[in-house]
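This structure is in structure tokens; I'll ask about it shortly.
As written, the chains take the letters A, B, C, D and E, and residue 1 is the first residue of each chain.
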């Protein structure tokens, strides 16, 4: 009779983010089933228990956490994201609960960086988002200088919705573009949530006809609308949309309208022949659940494996501090790249030999990875409306 | 006692609110073309009786027949279609509707609809005030005007029998007289009438026969032709505590 | 301001207004006649759109969109009728019917919303437009589906208004809401009309959902934002008047479009709220409500 | 009607109180204690909402905003201004009261459902302000690491929620007593009177505007304090508190509990919290559980249209059978 | 206790008009009520009697123009509850009560908010008022919704008395009552009057109106068409024509 080590999964199963939540649970289950089929770890069978974070309100998250933590057999918790603020990190630290998290790495860093030693069990498999702000200009420059991208001018229009993720990126981009000598023609902020009408913004854009339009709002529905309305009267501009095009249904919603759109990802699945792990995970997921995963399915899958490795090393799930330590020492090729943690921030290390930033262009329903060159699966092309 | 000829037969009817019966098995009848009064102190079940007959509240036990047909299985709507019309006590009608609209709406059943124009003329002639104010909303009417409209609405329903619940409530003396004359005229065309009223003079001027109600039961039946006058009735009822 | 921007604002305002009119009129129908605020109105929209999607989308049955529209509306009418039976009728004669039905319809909303999530999942979906392509309207390009909404909304509103004002049943519906017992006494079948009203309102909800489902994206909470907008418009327009509701819809639609242009999309909704409060300070009975005391 | 201090009721409440005091001694499970704390907080919000919604008949849809203002006023003053967290909770209450006074300006002039619009618009405005002032409030991300309370050096953080349980219970008991006192006072009577008939109330000298203003301010204070406790206990202030799910959750506590009752919403808050969390631990019921809860709420209202409160107060949905009917015969009245 | 011509004026209505759009419901009406008087008002349906009460009390609306004076001070600009507190209390033609409160609480509320009494005083005042109307038995603890028509009318008057009125405006208190009840009501009005409360009475039930009023004013179409002692007024042709009809009036 095997002993049981339960892994808590915090996931928004109901509410607006339920699609993400389902994927998180699926990813974790996939890994747990596999590990158990292979005989478990260190004499333990793994088991998933789910805590529903609902709309991610503080009390829902805390209740879900307390329910998981109240179970003696739960000695680790994994999640894509549990709350907008990541406040639960402190609860984890108080109980010395091993906690692996994916999104909101800026919040994670803000909480952990001032005193990393207080959070020995909390680790983020997503790197710092700084690269979102810093990498854009060099990549565009490279495309332009290689002649793949012909820019009519050096103007950029930025738009973001009012959430910390999008807003921070937009502000960072603005600074970097200006420093590089670009003219930022607009940098509007929209309320966060569903936006069905982008026409007011697009009307302004059409007047300036900037070479580059960057939308950092990350909701896929909004992004789909944005593309549709942009294409009603397109301008000679490269369109970049943050994160949203990486979500599987973005392609279903926009169909051929998405061809030519550029996006980038940090900590997303690095699906390229150079990183076979990614293809393997994605395939397993598709085989089991019948649909393509986004970011969170593979992320949770990897988190469970990281935990299993740590458990293997320590041998006893109740030795939480040791498990936390083992987690922090991980060095592993995962679906998103090469994972190792920065002891100062507890975030994954970013970079081409760590978790790289990936630039994609959508082309005929395919996602073409064109940067960094070392991982590239194809070439950037001028979008159809610019040709 | 009852026969198929009767306009209305109520046999051993029980009805009430919530858990208790107000009507403890009441029996009355209205003969063909007969005018019958119901008289009794406040709160003793007269309104409840009319409500139960017209199915505003359920009939719990007993039977009600209109023109020989049992009403047990019918809905309030079907009863109105048969022509048994109940003009409710202090009815506030439809607050946001205009007078004319209300009257037109009142001819809702198919049968009433076909007589709409004629009845409307009659009502507006009977109550010229309603004609003057045809565009005024019901909720702004004065007490008496609202009472006129309630009666008018009853008439618009093309009644074959009328049940009036305190029709003179809040009417001026002159209008009361006019209303009595009008009711007299309507019912003299052999339209049976069941009249609930506290103004004993008014009742006596109109009915052929009356029932005295007390605690949800009939305690006495009086035939007008036997020549009682209102002081006697008052005596019967209130044991000498007569108004001056 | 150029003629171009003016027309863009106007067109976008008319589109918004038409959508609002469709949403609000169904809500207002039940509210202003029966005195019941149907919190589930938004989720009925969602349901109609999802059913239509299942029937017409390639991932579902893949039938013609017309079949989707028909089945969607029919299904939602059925749900509307069921709702009336189960969560409204038992409280007819209750003095607190307004508050109780707030609760019961809220419960129905939660029930259906979670049910939709269970059945269809949380991923975004989009309906095929009934009218594909784009058209030019007042010098601005919009999708043909939006044009369809612009055309359909006023036609439906006029029809509904005429129905309520002039038809026997329409007048009966209004009467029932104001005084059910008085309505019974003139031969109106009160429960039948409650059902008719709910069915009509459900049909409007479904149609709105289907029209909107190809302009916006479907999620289980698709109907929530429209519900809030409709709530605001119905009250603002002045209770008990369909005309007021429709006028308020277009007014707020155009105002919103103009505000988005002038102060941006970020503060426009708040500005509208501020304006609403200010207007109510001066017209406590709503914009088009009549003062009667 | 409330049975004024009936001994049975008093005894029942005393027993409940003793049980409530004993819970943490028996229940060591942190999770259950946590649920109690959350239920206590919502109970205060629901019961205080009933002051304006049930007793005064004001269609106030902004009560959750008062709660949210309490959350933020407390969170901000404790974290940014370094106010002692105990005091910060009071500031939360006061902040909510000030907001209520502001919103009362239009509300007292409006009739019936128009109040819904203004109060709802108000809560959306507050939300918008909170989100837009992200330098201060943390915007959509929220405000984390709100300081926690301390009492004579007692550490509330690693005691398995023992301390917070009693703090929440104490605040609940004190506010329940205060609210019961209010509704049974002359002021409470005048609120019910106005709800029944405004014009008649005016004709008996009751100042409508002033009473409404007072009840909004007072009920907001309780909601604000509850919000303060919420922020301090969870150590975070985030904008979801203004959201529709919070609104519908607490509204269902009020309505299922029974309007015009203080105890009803409190019991409903406990029942709903534990019922929904109980279902949450059943495998595979993530979405399904809300459907069950929704259906259960409808069933409760079908059998108890006046909510839980009517089940406790002898006066259930069924009216007392009156043996003596309303008198009115000439013989009786003399 | 009847008022004499020498009694000081308590309530004065001066050129009061109330319009509803085209309609002039109260048309330039002026009259005075002296201290201790029982002042009757009659008139056909819709002649503006209730509207007159409305504009005097400000519930629910003030006059379009004109002034209302209580003991020589203009009050038409006060807020409605202040007018009530100043001593003008009214009853309503349609049912009006706090229907979820008990009879006692109905009266008590008035004693507190209008009469300005507190605590034990308010309770004593309320009990006294209930005794005055003969409702002080166990019916006082019943919710109003369980009281009969007549009991509600008694209660309405009790709650007015508890508010310590200077002048009491009664709008058709006898509507729907049986004769013995009307008699009782007349006695009740006399009792209240003896307490020194001035009364203005609108009534269509003539035996009541004529037996208690000292002065009678008749309105028609919003305007005063007659004013004087009841005996004189009921004989005036315009009154017979507009209001009484062919009816014989015995007094």
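The rule we apply is simple: a contact is a pair of C-beta atoms (placed from the backbone, for glycine too) under 8 Å apart; a residue touches a chain by one contact, two chains touch by 3 or more.
Keep in mind it's a predicted model, so treat the numbers as computed, not measured.
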Q: Work out which chains are contact partners of both chain A and chain E.
A: D
Q | Remotest chain, chain C as reference, centres from CA atoms | A | E
(Q) How many angstrom lie between the centres of chain A and chain C, each centre taken as the mean Cα position? (A) 37
Q) Centre to centre, by mean C-alpha position, how many angstrom separate chain C and chain D? A) 31
Q) If you average the CA atoms of chain C and of chain E, how far apart do the two points sit, in angstrom? A) 48
Q) Which integer distance in Å separates the CA centroid of chain B from that of chain C? A) 43
Q) Got the chain E residues that touch at least 2 other chains? A) 60, 148-150, 178, 180-181
(Q) If I count partner chains per residue in chain B, which residues reach a count of at least 2? (A) 41-43, 92, 140, 238, 241
Q: Mark out which residues of chain A touch at least two other chains, giving numbers and ranges.
A: 14-15, 18, 162, 191
Q: Spell out the part of chain A that touches chain D in their complex, as residue ranges.
A: 13-15, 18, 50, 52, 54-59, 62-64, 66-67, 69-70, 83-87, 90, 94, 107, 111, 162-164, 167, 191-192
Q. Across the complex, what residues on chain D touch chain C?
A. 53, 106, 109-111, 113-114, 116-118, 120-122, 124-125, 128, 132, 244, 248, 251-252, 255-256, 259, 287-288, 290-291, 293-295, 297-298, 301-302, 305-306
(Q) Per the contact definition, I'd like the list of chain E residues that touch chain B in the complex. (A) 20, 42-46, 49-51, 93-95, 148-150, 172, 175-183, 204, 206-207, 211, 242-247
Q | chain E contact footprint on chain B (complex, rising order) | A | 41-43, 89-90, 92, 129, 140-145, 147-148, 166, 169-175, 177-178, 198, 200, 234, 238, 241-244
**Q.** Residues of chain A defined as touching chain C within the complex
**A.** 14-19, 21-22, 162, 188-191, 193-197, 199-201, 203, 220-221, 224-225, 228, 232-233, 248-249, 252-253
